[in-house]
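Following are the structures in question.
Two complexes are shown next, each including chain A; its partner changes from chain B in the first to chain C in the second.
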Partner chain A sequence: MSEFTVFAAMPFILLLSVGFGMLCWDLFFKCDRLVWLLAAVFGAWGFAIPQYFVAETTMNDLVYLDGYSLFFYTLILFGTAATFVLNHRYLAKQNVRTSSDIDMLILLAACGGMVMVSAANLIVLFIGFELLSVSVYVLCGSARKERASSEGALKYFLFGAFSSAFLLYGMAMVYGACGTLSIPEIAESVTSATPMLLLGIGLLVFGFGFKVSLVPFHVWSPDVYQGAPVSITGFMAVVVKVAAFGSFLRVMSVCFGSIQADWAALLWTISIITMTVGNIVALRQTSIKRMLAYSSIAHAGYALIGFISMGDAGGVEATLFYMLSYSLMTVASFGAVIVVTSGSEAQYENDSIDSLHGLGWSHPFISLVLTVSLFSLAGIPPLAGFVGKFYLFKSAVTAGYTGLAIIAALNSVVSLYYYLRVVVVLYFKGERTLDWAPEKSIGAGPTIALATATVGTLAFGLFAEYCYPFIVVAVNGFS
Partner chain B sequence: MSLTEAYLSLSAIMFGIGTLGVLLRKNTIVIFMCIELMLNAVNLSFVTLSREYGQVDGQVYVFFVMAVAAAEASVGLAIIMTVFRNFYSIETEDVHDLQG
Partner chain C sequence: MSPIELQMQGSYLLPLLVVSPFFGIALLTLVPEKRDSLARNVSLFSSLLSFAISLVLLKQYDATTSAFQFGFDAPWLDTFGASFTFGIDGISLWLIVLTTFLTTLVLFASPSIHEKKRAYLSCLLLLEVGMLGTFVALDGLSFYLFWELMLVPMYFLIGIWGGSRKIYAALKFVLYTAFGSLLMLVAMVYLAWTHNQQFGSYSFFLGDWMRLALSDGQELSLYAAFALAFAIKIPLFPLHTWLPDAHVEAPTGGSVILAGVLLKMGLYGLIRFGVPVFPNAVVETAWVLGFLGVVGIVYGALVAWVQTDIKKLVAYSSVSHLGFCVLGFAAMNLQGLQGSVLQMINHGVSTAALFFIVGVLYDRKHTREISNYGGVVSVMPKFAFVYLVFTLSSIGLPLTNGFVGEFLILLGAFKFDWVLAAFAVSGVVLGAMYMLSLYRRVMFGPIDEDKNGDLSDLNLREGIVFAPLLVLVFVIGLFPQTILSDLEPASKKTIEYITPSKRASAAVDKGDTTSSPETLQTVDAKKNPRGLNS
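So, the complex of A and B:
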């Protein structure tokens, strides 16, 4: 145990030390940072791998070492690596700061996300939550001269700080009801739903709901997704959302799983409202960034199904698989959008769906990536998005929530319309008439990142039954 | 009403005032001050509950919350500065380019 403690801290130590090193990097070096950033990210992941084989808490019961944490580390670090690779090429072309402090903030945000998903104490979770949030507030406003960017940062900051106050108040109420904030101890002490505990759970749902943009706490997210530099939008859609879902799921299932009947109705309602509003509002979006923002709201609604059907029905495992497929297809779709919009000088004006027209024939690779990821988001077999939805709906039916599964399936049908519209614009709107176009050659790094995400989307769809047992093992460790 | 209940009620009232301020006020600095009020209301709850349980834990949490609130304040004020440079205003009604 004791020798493992330092080892358990290594991923955090590595990310933080390289992150703070990045602050001084520009003073001393002129060479490329990307290799070092990727080394830190993959090194952190390498140090975390042994966690797959254990399930315990460490550092005075403040941090979980288990496969569940490792699973979310993998997604967070994959999203971070993809962001570095895409950012590297993209920032150089835009009116955005390119100095190394951006890299530092991304590393700190990734570290915060990892603290969130592995926290075994709610106050540690809060620290990770804030480390992630504060870094991303700054990243959002990193295009300082753009009005949209600073407005996005302001909205994200105000709503984020507001929601973290609710999260914290929820923690205070849980502390009042249970006398502890340690997640395993809360799990032991929760036997019946007292009013104070229910108030705490409601406030926690409120706080997390803001971060994962559940309706009605979603109002900030389209504006922020549109206003932030597009590579940061991709980072938010993947890393922030996955980390928030990872910790939300752990808190709800481990701490309050025993009184699930008391809060399932609340999440049932939120889930349905979220997916319906997300999909219907996405129908009338003209900006691709806003469309993807509403689509990610809808996906948060789907992922919430696993919270309602957790337990024997396998909701937790299904949500984990959904997070895996969601991050792959989101990296691919946002990666394609990053590459496309970086061809334009005025990225903030040229993010409409129509500006993609004709790219299918002139830029086959990017269009293929975008098409596959959108098909997967729409849930077309055999892609990972379809399998993820299938597991979720199956768990809902097994747990007796057939109505929920039917509404969710109807929602996916609605979502087909706006995803396919982009594909139609790509391939069936004739020659390109706009005077700007993405570059023909997008460089090795972005190509590898996009290809990995796309192939992953296909592979996890086709071979889901081989990787699902690993997720089951990862989940079995905790609770 | 016991002392604990009284302090928890005070904290809830402060939290409510902060929430109302965030929802009703237009000046971003005032909104931000209301958020700080909400965080401090939570701190009061933590300290009260800590005393009720006879533990030191709740008081330690307050230090974390205060540190985080300070970090958030520095970042928030910097963001408000960049907004002012771009919009020449920090009223929420003037800062709404993004919509649709």
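So, the complex of A and C:
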């Protein structure tokens, strides 16, 4: 029993008690939920900060207390806070009945994500995985009057159930091979790649691959991203993806890092297929939500480069930084899309890229946020997306995968085309001619959230150097 | 230690120069929406500030040394050896002056743009940041940063204020350039990693890259990645197809900057990074560049000849002129290289002026079809004179700037390969033919279109734009030594990078990978025993 146990539990206690308290309070009284939610989120983050200074397991070796967990907590909580802020103003406009149960589900999903990234035991990881998944299934269908939303929720649930089964089966195989479910103990017992272990790793990759939408496990994501209320889509693109990547990376590097040579080829292939399919299919999308869905698939492919080049080449650090920059630019891009599409009455049918027509001149702030985030996603320096790609390329070249870096670079050129197409619609086609427009003034909360993400995109590009040592500490904790 | 010398005088002129346009952008955001002339004055003020800084550089520049001067170093991604390392030699110095000068002119001439004035001016200033940064960066990754940064404002300039096919042209421009530069980025990362292998730390510093021992295969393929990015930007035949589209669709200001400065980036990159880092590969493949350059000269000239659109004609003439610059570079002797750089500046002056001239015509008649003009000389006599001077400068008449550059290039080219040089000479003749024929068709003949009768001559603002360009045509033409003396140490240094390594590769077995850079290093170490002195 460590004296830090309380710190491991406090963020969860805080988040859930505020969530439950609000759920009960909301039955009888009205209150300004946003303040409480933000207080809970930032309070949870504050309680997690001491983890930076330790690196150990706690609660009978079920949970890691380390900088790595803190790093992913930060991203998850940042994404959650941004979601709450944007929901407060825009969720009602997406035909979702706003109430504390939606907030509660988001908090539960965030808790699930945090359990995933800090789990030191595969069963705990699975519990987090399910907590996250089940909450998000419901959230996807929260626009109950919209067919697309229900359809998306059902699809997500069916595919998600499969992925959970794969994950669980993979864990069973790993247990069979290693005789333990504890991540540190697995790490000790894995010395050579037995067929059963490899099968287990393969199934785990399947399971995580569904959640982070790697090709060929991605088929659900465009439909779900398009069908879900766009605020929830943004939440999925940031929090779900980051949490799944965090736990995926921890399992692959801590448990199976020693036999990396045996599974690197599998991930190498998946990485290339994922980024290529994601980018090429994104070229032809007309819906902005589907385009961003395919773009986030492509980005999952880039992030995998770090898995392949982990170790001395710095792949894990590169993936962490990539997750950071990905979160910032995804919050910004989805935030802008939330603001824009919420202005339309028929947003579930009418989410084409053309609906952004001419916003560059009528809505300069939102357009600037979207443009900067898209340039960052495309990897234009000096934005964070560029530095993220640079770190990944560097780790790939260092690990001897120059070919992978070249393919990723060519993919970036392809992606530039569809990102720029959005900019074309925003700025190059003259004044807006559509009969609806998003609201001019978006309120203080969303402005701050979007401005923070945009400034962060620029700042983490120019001053990445100052954040890198923290990432190194986070990674050193468990290696 | 380091094979190049970077004088760290504690001078902040270069970073100040690079960020100075941001000053204007910041002020522009404060200007109220409708105050177009105030916005223009603010941006003009900012660009004059940059121009003044570049003149200070020109004055303080020490032409007696080949070292990089005004050194500046600030961390960026220090863990992986990327920093904002700035420094200039004679070549970058004059390109910087050209950049700030042309930007000022373009901003001065901006009243012809009426829509989204503030955004237009901000784009031009941001473009200036990118261009200046590219010319001062001595660190590979920051060079890449500014190199890519140029794409964004140029994309907006073409896409927002362009002609009818602006979207196609803007996307083509960006995708073409990004394709080359992303491969260059991978090559840069590979070089930084190689430095880590050989010296124990990542580095993107030019001087560090020069110390690397690369095998012949590595050197050639890395150089290929760099050269592809640069060749697209030059643009070298057959990678030039984005240029006519971009030029035709871009607004006048965009075309002037594109022709005047952006087209020099490719050759500048070859001189700054290609030669010092990959001397053997440059020498081995010089004939390819020379050959493609000559093909570009002849092809560009022939295609220009048959154009019916004035702007397209001038755009193709750029392909031809840049072919000369490439040929001079490929010759890799002092005359060729100096001529090449001088011709880049000349081209910046005369072609920028020609695009201004197209802009003058277009502002009045809103057409660029040659057949819609004719007899303009009788209604616009001042314009006719100005236009004639720049036409003559463009075809390289003695006494004008174009002559000196082309002459030096051909001199160098004959030393290099007389067959290529002979074909290049035909480009001079063809250049005279298409440019003079354009002049004849636009300016002479009867006034057969009703509207040509009442075209107004140059106004004061246009006159002020052309006046300094006119002066420059003759100043460079009559006193080229003012520029050449600044270029000489830098050019000599560039030639020296390849001379010892050529000897070394001839002397040793090809399989021996380490000898050539070492030879290079010792030669330079003798020359600059202090290396990077601060």
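One rule holds for everything that comes next: the second predicted complex is superposed on the first by the 475 of 479 C-alpha atoms of A that agree within 3 Å, B and C clash if a C-alpha of one lies under 4 Å from a C-alpha of the other, contacts with A are read in each partner's own complex, and residues count from 1 in each chain.
Here is the rule we use: contacts are C-beta pairs under 8 Å (C-beta built on N, C-alpha and C of every residue); 3 or more make two chains touch, one makes a residue touch a chain.
These figures come from a predicted structure and were not determined experimentally.
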Which partner does A:Val424 reach: the first (chain B), the second (chain C), both, or neither? second
Between chain B and chain C, whom does A:Ser258 touch in the aligned arrangement: first, second, both, or neither? neither
Taking the superposition as given, does A:Ala172 touch the first partner, chain B, the second, chain C, both, or neither? first
Determine, under the contact definition given at the top, whether A:Thr447 touches first (chain B), second (chain C), both, or neither. neither
Of the partners chain B and chain C, which touch A:Ala161 in the superposed model: first, second, both, neither? first
A:Pro382 in the overlay: touching chain B, chain C, both, or neither? Say first, second, both or neither. second
After superposition on the shared chain, which partner residues are touched by A:Thr194: those of chain B (first), chain C (second), both, or neither? neither
Kindly classify A:Ser99 by the partners it touches after superposition: chain B alone (first), chain C alone (second), both, or neither? neither
Comparing chain B and chain C in the superposed model, the one touching more of chain A is B
Touching residues of chain B toward chain A in the complex: what are they? 8, 15, 18, 22, 28, 31-32, 35, 38-39, 41-42, 45-46, 49, 52-53, 55, 57-58, 61, 64-65, 68, 71-72, 75-76, 78-80, 82-83, 85-87, 95-100
What does chain A use to touch chain C in their complex? 361, 375, 379-382, 386-387, 390-391, 393-394, 397-398, 402, 405-406, 409-410, 412-413, 416-417, 420-421, 423-424, 427-429, 462, 464-465, 468
The residues of chain C that touch chain A in their complex are 75-80, 116, 141, 144-145, 148-149, 151-152, 155-156, 159-160, 166-167, 170-171, 174-175, 178-179, 182-183, 185-186, 189-190, 192-193, 196, 202
Touch list for chain A against partner chain B, complex: 123, 126-127, 130, 134, 137-138, 141, 144-148, 150-155, 157-158, 161-162, 164-166, 168-169, 171-173, 175-176, 179-181, 222-223, 226-227, 285-287, 290
